[in-house]
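Here the chain labels run A, B, C and D in written order, and each chain numbers its own residues starting at 1.
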Amino acid sequence: MTNNYDFKVRWGDTDAAGIVFYPNFYKWMDEATHEYLSAIGYPSSKLFQEQQIGCPILEANCQFKQPLSFEDSVRVQSIVQEIQNKVFKISHVFLRGEKEIAKGYEVRAWTSFKDKPKAQPIPEEVRAKMLQPNQHVEV
Amino acid sequence: MTNNYDFKVRWGDTDAAGIVFYPNFYKWMDEATHEYLSAIGYPSSKLFQEQQIGCPILEANCQFKQPLSFEDSVRVQSIVQEIQNKVFKISHVFLRGEKEIAKGYEVRAWTSFKDKPKAQPIPEEVRAKMLQPNQHVEV
Amino acid sequence: MTNNYDFKVRWGDTDAAGIVFYPNFYKWMDEATHEYLSAIGYPSSKLFQEQQIGCPILEANCQFKQPLSFEDSVRVQSIVQEIQNKVFKISHVFLRGEKEIAKGYEVRAWTSFKDKPKAQPIPEEVRAKMLQPNQHVEV
Amino acid sequence: MTNNYDFKVRWGDTDAAGIVFYPNFYKWMDEATHEYLSAIGYPSSKLFQEQQIGCPILEANCQFKQPLSFEDSVRVQSIVQEIQNKVFKISHVFLRGEKEIAKGYEVRAWTSFKDKPKAQPIPEEVRAKMLQPNQHVEV
């Protein structure tokens, strides 16, 4: 499944060069992943409260192609690119209109926090949701 | 006691106006309070681990007089201005060299997190440390 | 005029106490003010590009009543409380459902950045927009 | 040259999992790069004021091995790994004591902001400073 996460660049996201301070792209990738998990039916806040499951980061990467400015409207398109037994890789493309601004990915582990944090096999139903094609939605 | 907390303005602290984004002053007041607690012998990380005590914020205020820029060297002078039974007010003055840049305060409650968070009387020895005059230190 | 700004608490807004790190409330007040200016017809990004006008902060205050947690839905109600010649005071109430979480205010100066930053009288039409009652909107 | 940048984890750097929110590692890599440039004689603030030169990011990557907690003391070891004509790659290793916490890199372009931003050949003397071995310093 692909999920779209839309946001607006805030004043506090900019720096003295007049454009977005780059670590904010990782903040937005993190937000986009939480939105993705909500969209497939597993909001992170519930997942943690009910099952003590979280998805800590193993690696994150971003390539920057165009700068973003204050009050730009941005869409992040997120898709799970790879699923291993306990680890998944989610890619994020940043778009302003049609223009690709940046693209990145995160590698995260499906992890139980019941005792000491310990990676767990990703449940079959989560895996199925991540891999399902997007349904065509009439608007 | 007065404590001095010195820091440097980072690139990420600035905004597109070329100066510091104002919420960062509150981040620095928070840091200055943690430094203050360390300086009187109660580092927050220990206080929480050993006694489940923290100091959540009740109110914070700041008045802004001069802007700060990238790589400015700044000193925050912190002093506990008022101590009530369970609540204290700590004031922070921001200086660049001799110049006063901003001044603010925080009101915080001495709080146990053992069960539900609950404000506690500030212990006598903490109170004494907060009120002690600065020792003259020969350098 | 009153403006409502709705947002969701993000993972990165929380701290190790499991609740929102308090300086983020000031980030949200800043965002709410920019949304307010957009709502009355003066988006900050345009105001600056077309007229080199911005509204730097003189003072900000917040009182904290209830903590906020990850993925809470929050509304900020913003209203200009006072308008002087060059300075206005905007108050912000944070609500989760009906519950008041925090309330604060910002004092800002209407400022030209054409040469050296210099406060300007707030234009009559801006003043009128800030003071107009909310129109009743049938939904 | 290798440069060491030492810092302490702040309360605001943590999240509700009790550890550092991962985008902060990129904030620290950015800080470490500015410290590196200062250490070889080109503080970013001067470089920009005097020559309108900055080093915008093209790509950043980080691999996370161990979490960091509040008030941890951390060292970032930064070294320029690769220098091309207009672009350099700087790697950053995060250490707590002897333990490797994370390692990452940034790819940045030496860029003139005189007119439109435009990448420039990295000057010979900068290149020489980046490549020089660390001098043995008697302490």
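Convention: contacts are C-beta pairs under 8 Å (C-beta built on N, C-alpha and C of every residue); 3 or more make two chains touch, one makes a residue touch a chain.
Values in this document were obtained by computation on a predicted structure and should not be read as measured data.
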| item | value |
| --- | --- |
| Interface sides of chain B and chain D: same vs different residues, half threshold | same |
| Chain whose mean Cα position lies farthest from chain C | D |
| Selected pair, greater C-beta contact count between C-D and B-C | B-C |
| For chain C paired with chain D, centre-to-centre distance based on mean C-alpha positions, whole Å | 35 |
| Mean-CA-position distance for chain D and chain B (Å) | 28 |
| CA centroid of chain B to CA centroid of chain C, Å | 25 |
| Residue list for chain A, restricted to those that touch at least two other chains | 11-12, 21, 23, 27, 30, 69-70 |
| Residues of chain D touching chain A in the complex | 17, 21-24, 26-27, 30, 54, 56-64, 67, 113 |
| Of chain A, residues touching chain B in the complex | 11-12, 14-16, 18-19, 21, 23, 69-70 |
| Chain D-touching residues of chain B, taken from the complex the two chains share | 10-12, 27, 30-31, 34, 43-45, 69-71 |
